[in-house]
Amino acid sequence: MKRIGILTSGGDAPGMNAAVRAVARKALDSGLEVFGINYGYAGLVAGDIFQMTSATVADKINRGGTFLYSARYPEFAQVEGQLKGIEQLEKFGIEALVVIGGDGSYHGALRLTEHGYNAIGLPGTIDNDVPYTDFTIGFDSACRTAIDAIDKIRDTASSHQRVFIVNVMGRNCGDIAMWAGVASGADAIVIPERDYDMQEIADNLKQGLANGKSHGIVVLAEGVMSAEKFKDELLKYGDFDARANTLGHMMRGGSPTTQDRVLATKLGVHAVELLLDGKGGLAVGIENNKITSHSMLELFEEKHHGDMSLYDMNKVLAK
Amino acid sequence: MKRIGILTSGGDAPGMNAAVRAVARKALDSGLEVFGINYGYAGLVAGDIFQMTSATVADKINRGGTFLYSARYPEFAQVEGQLKGIEQLEKFGIEALVVIGGDGSYHGALRLTEHGYNAIGLPGTIDNDVPYTDFTIGFDSACRTAIDAIDKIRDTASSHQRVFIVNVMGRNCGDIAMWAGVASGADAIVIPERDYDMQEIADNLKQGLANGKSHGIVVLAEGVMSAEKFKDELLKYGDFDARANTLGHMMRGGSPTTQDRVLATKLGVHAVELLLDGKGGLAVGIENNKITSHSMLELFEEKHHGDMSLYDMNKVLAK
Amino acid sequence: MKRIGILTSGGDAPGMNAAVRAVARKALDSGLEVFGINYGYAGLVAGDIFQMTSATVADKINRGGTFLYSARYPEFAQVEGQLKGIEQLEKFGIEALVVIGGDGSYHGALRLTEHGYNAIGLPGTIDNDVPYTDFTIGFDSACRTAIDAIDKIRDTASSHQRVFIVNVMGRNCGDIAMWAGVASGADAIVIPERDYDMQEIADNLKQGLANGKSHGIVVLAEGVMSAEKFKDELLKYGDFDARANTLGHMMRGGSPTTQDRVLATKLGVHAVELLLDGKGGLAVGIENNKITSHSMLELFEEKHHGDMSLYDMNKVLAK
Amino acid sequence: MKRIGILTSGGDAPGMNAAVRAVARKALDSGLEVFGINYGYAGLVAGDIFQMTSATVADKINRGGTFLYSARYPEFAQVEGQLKGIEQLEKFGIEALVVIGGDGSYHGALRLTEHGYNAIGLPGTIDNDVPYTDFTIGFDSACRTAIDAIDKIRDTASSHQRVFIVNVMGRNCGDIAMWAGVASGADAIVIPERDYDMQEIADNLKQGLANGKSHGIVVLAEGVMSAEKFKDELLKYGDFDARANTLGHMMRGGSPTTQDRVLATKLGVHAVELLLDGKGGLAVGIENNKITSHSMLELFEEKHHGDMSLYDMNKVLAK
């Protein structure tokens, strides 16, 4: 193996650039040539590919977003799309790939592996919804942005003794809501994985304000419902001065945290090691603080398991 | 004059605590006794009043929100409410007041002055919509929060070559949108003070992306319309990958910036100097980098004049 | 057991307040009475003790430092000091304790346990030098502060193509230097655990600048030597425009990160669970992402093992 | 005039990139061609010059440092150096220049103007030591970094009831120390412009701690002496637990604040307007919130006047 390619796919996440840097530097140090592929699978098919040097990834470790750009490209699910991609790989002499993105982007990686081009997947998404990894690249940074925002909202909530519903990202996975909720001392956390009792939430908020709490904070995963809708529902169960806020896309941006930079670096290095070992169709991750890898086939049959102890703990601590 | 009171009123703003600290410390140093009034005019009427020492305001200068709390209290517009407030002032021996809030809260201060209790107003609001001051306490901090968020949104916008509509606070005043827009290199700024041409905005965004810009950012003052609605309108004039984000209440919170802490300190000290001079019914501000004061009567007939040169400048620089 | 006490000891660390909150709220929820002890063992001996309610720990989770204060108190190593402390425990009816601090503060906790007052230790120190825990409370926040500072230094280093020696905290333990070094893409990491070759470092920096790198960053653990001294040494081996910076005590402060808030919360809850189980003389920690506990006696015979793979990885990635 | 050049000179400052962007975009919009000159006057003489498009300055407004690099180049004080620079200007057809830097870098600009190449100076330095401007580009950002660091130091100072001496940049000018000192509620500010009485400072710190203050903070401009030396001196006058910290070069970096981005933008636009008017040998600035310009000859005979009211105010408020 002489040449590898790197692409980022799906929603961008802080730390993707740190991962690209680690892959590139490790590969160059191992004597490989490295090619960056812009715009994910779309760029692969379009041949938007360029050779990277050590300097290409200088001063990228601390940048948010992905300097390789990302794009949706459902056409890569079809064999036709894959063959066009392979045409480009052949043209550039690229023999193997690292794909950084959510587990949705692993499907393309697995197909390429099956076609004889080893591909390794790195979990890059803020949502933390990838199986076989305790943390995805970008998750800690998204939590950082969420708690910074909630700390600010708390200032104004306290000044007015208000209740705030704060909608954080997470369509199917409540991890951001749970971590940000526990970390900001939320009065309630509402996530897709757990039922909730609106009357209980309203009663707790009322009780808190009656006990002298100067604010009430509900952290709500976007997959459950909108902040506005939740607020309207909540007001049927209690009479508060309540406001709805949606943090939105700023959660995807910002300079990555220490955890995300270090995790991205470790996973990127390991991905290259696996390729050097002639392996493909694997996704790397961190489990119980160890870097691991699993077959993508296996991964597609598994679900991410969040740390639900946080949810239960918060119920106790919010009192 | 032996005793003064301080209250914060209206929406909270970063720097209010720094202002309260400055008023308290300056007054104590001048030999006055100082009383904090919780929850604005509502707390005044309710007698929620306590004596402050130098220690009361220690470690407050860097805190967001207002530790004196704030509340709406329309009843203070009525003479009856005012007389109840005066009853409390007499009970506590408070002879004069500093009121920190938007110009809406100056009405109560003027009434108290007319009743013989000198009151000085400090412009504390993120919106920068108070006449006779170039900057209100909290404005710079709100801009800081806005540009931090927009910088993050830019990361994700660049990764996907997307257009983002970012709604910032400002109901009647586009100052936050203008400053945050210029400071974040927005492609368009949309404010209540200026008409806009949706076709022109769409064309510019299209042109920018065609020219190789990796993103498009529209900074929209909330007084114009919602980000969602603007996005829907915009999409009638051009075909983008566009997203709507509303920064919301986090803009009111956070540790105040240098500018806000220093401005709050200067204005707070000057307010006490005016009271010591036996003056009332005045609002203090900063104009052309000098601390000034104006009669509230005069102020109610004036409008805030934003620095519209920023709006025009941005049109040139966004190209 | 009806009453427990909490104290913080040794150097303060971000997340100590989150730990105190978790201990207090969990204990209150379990029907215990909770007492805060100010100034660590010094305050215990002096009887600087007060009852805590749920409200005492409200709005503390996001504050840096320790609101229970900390102090050195070597006298507690003597039986006499311990007996004075026990006198106070008896006076307040406190039957068990949670001690948050470095492993130095565990000695007092073990002595109290031996005297019949169960005490559980929580690793609260930025240095990450406590055995049987992968991470201490405060470590991630200190790394955050370090990389924020190094990212800023990188801006000015790049503008002038300079080499910067950045001294970070860590007397015997290079963990902060390793994590912050990897996370900021340092050209070299110098730690007490590893020998270094000044000529090699100088050559690499020279090579980097020659290859077009716009800066050189050396992250140096304070235990090795001062930044000034290192710079002077380095300049004997190469001719750079080099500057020395020492981050110093700001690394101890600041709002804790998500990781530190969540870790502090989990450890605090577990400490109370252990006390409820009638256990003492144990230190809790996080190992391989699981909350664990070990006998303090056992802990005193063990060393902290940092993740040295980071050190080796950085040598490869810095090229 | 068809072609202008831009360079940054002297110590870098946050906002320099925003200024370069404004100059470039405004000039391009005015139909000019724009050339970036790397490494200040050194790069001018070396011909390290490249043509800029609108895209060159995209995504630069929020970056710290200067992407045009900076360098010292004392040789430009000699006519010989200037003539070499002019050779390059002729080679590239550059007829006029914008120079962003401290007032030291204005000398070269004035010489070029005298040689027939109009040059306009922009005050870019964190030190705020340039005459005829209330604020330099970078000053507010440096204050931001200082107060963020001091807020963190305050956390640890409060936890241990310690006194901290914090050395901030400012060789001849105490502006950063004054603004950061007032903004962080310092107990004492020590600057080159004012004498200080070590006994008085020690007494005030002692009194503060005795009165229940949980910390003491002295903000010290580097031009007075080092933090270490000040601490040693101070300890002769009082018995504290005192620590010395030097913020150092991180103060030069970081993303610029709103104020710096907007100021840089306004000044950059105005510089181009002056060049279009055929003017040179002028330095632009902001005075009493208005954009102004002054002859460099006049400027060299003037001193910067800091807002000393802050110094006096702080003495009152620290009590």
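Labels for the chains are A, B, C and D, by order of writing; each one numbers its residues from 1.
Throughout what follows, contacts are C-beta pairs under 8 Å (C-beta built on N, C-alpha and C of every residue); 3 or more make two chains touch, one makes a residue touch a chain.
Predicted model only: the values in this text are computed from it and were never measured.
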{"item": "Steps needed, at minimum, to go from chain A to chain C via contacts", "value": "1"}
{"item": "Interface copy of A-C among A-B, B-D or C-D, judged by whether over half of the contact pairs recur", "value": "B-D"}
{"item": "Chain whose average C-alpha position is farthest from chain D's own", "value": "A"}
{"item": "Distance from the mean Cα position of chain B to that of chain A, given in whole angstrom", "value": "35"}
{"item": "Distance between the centres, which are taken as Cα means, of chain C and chain B, whole angstrom", "value": "39"}
{"item": "Residue numbers of chain C (touch at least two other chains)", "value": "151, 154, 158, 214"}
{"item": "Chains that touch, pairwise", "value": "A-B, A-C, B-D, C-D"}
{"item": "Complex interface listing, chain A residues touching chain C", "value": "21-22, 25-26, 28-29, 54-55, 58-59, 61-62, 134, 140, 143-144, 147, 151, 154, 158, 179-180, 182-185, 211-214, 255, 257-259, 261-262, 265-266, 269, 287-290, 309-310, 313, 316-317, 319"}
{"item": "Sites on chain A touched by chain B in the complex", "value": "8, 11-12, 14, 16, 63-66, 69-71, 145, 149-161, 164, 214, 243, 245-254"}
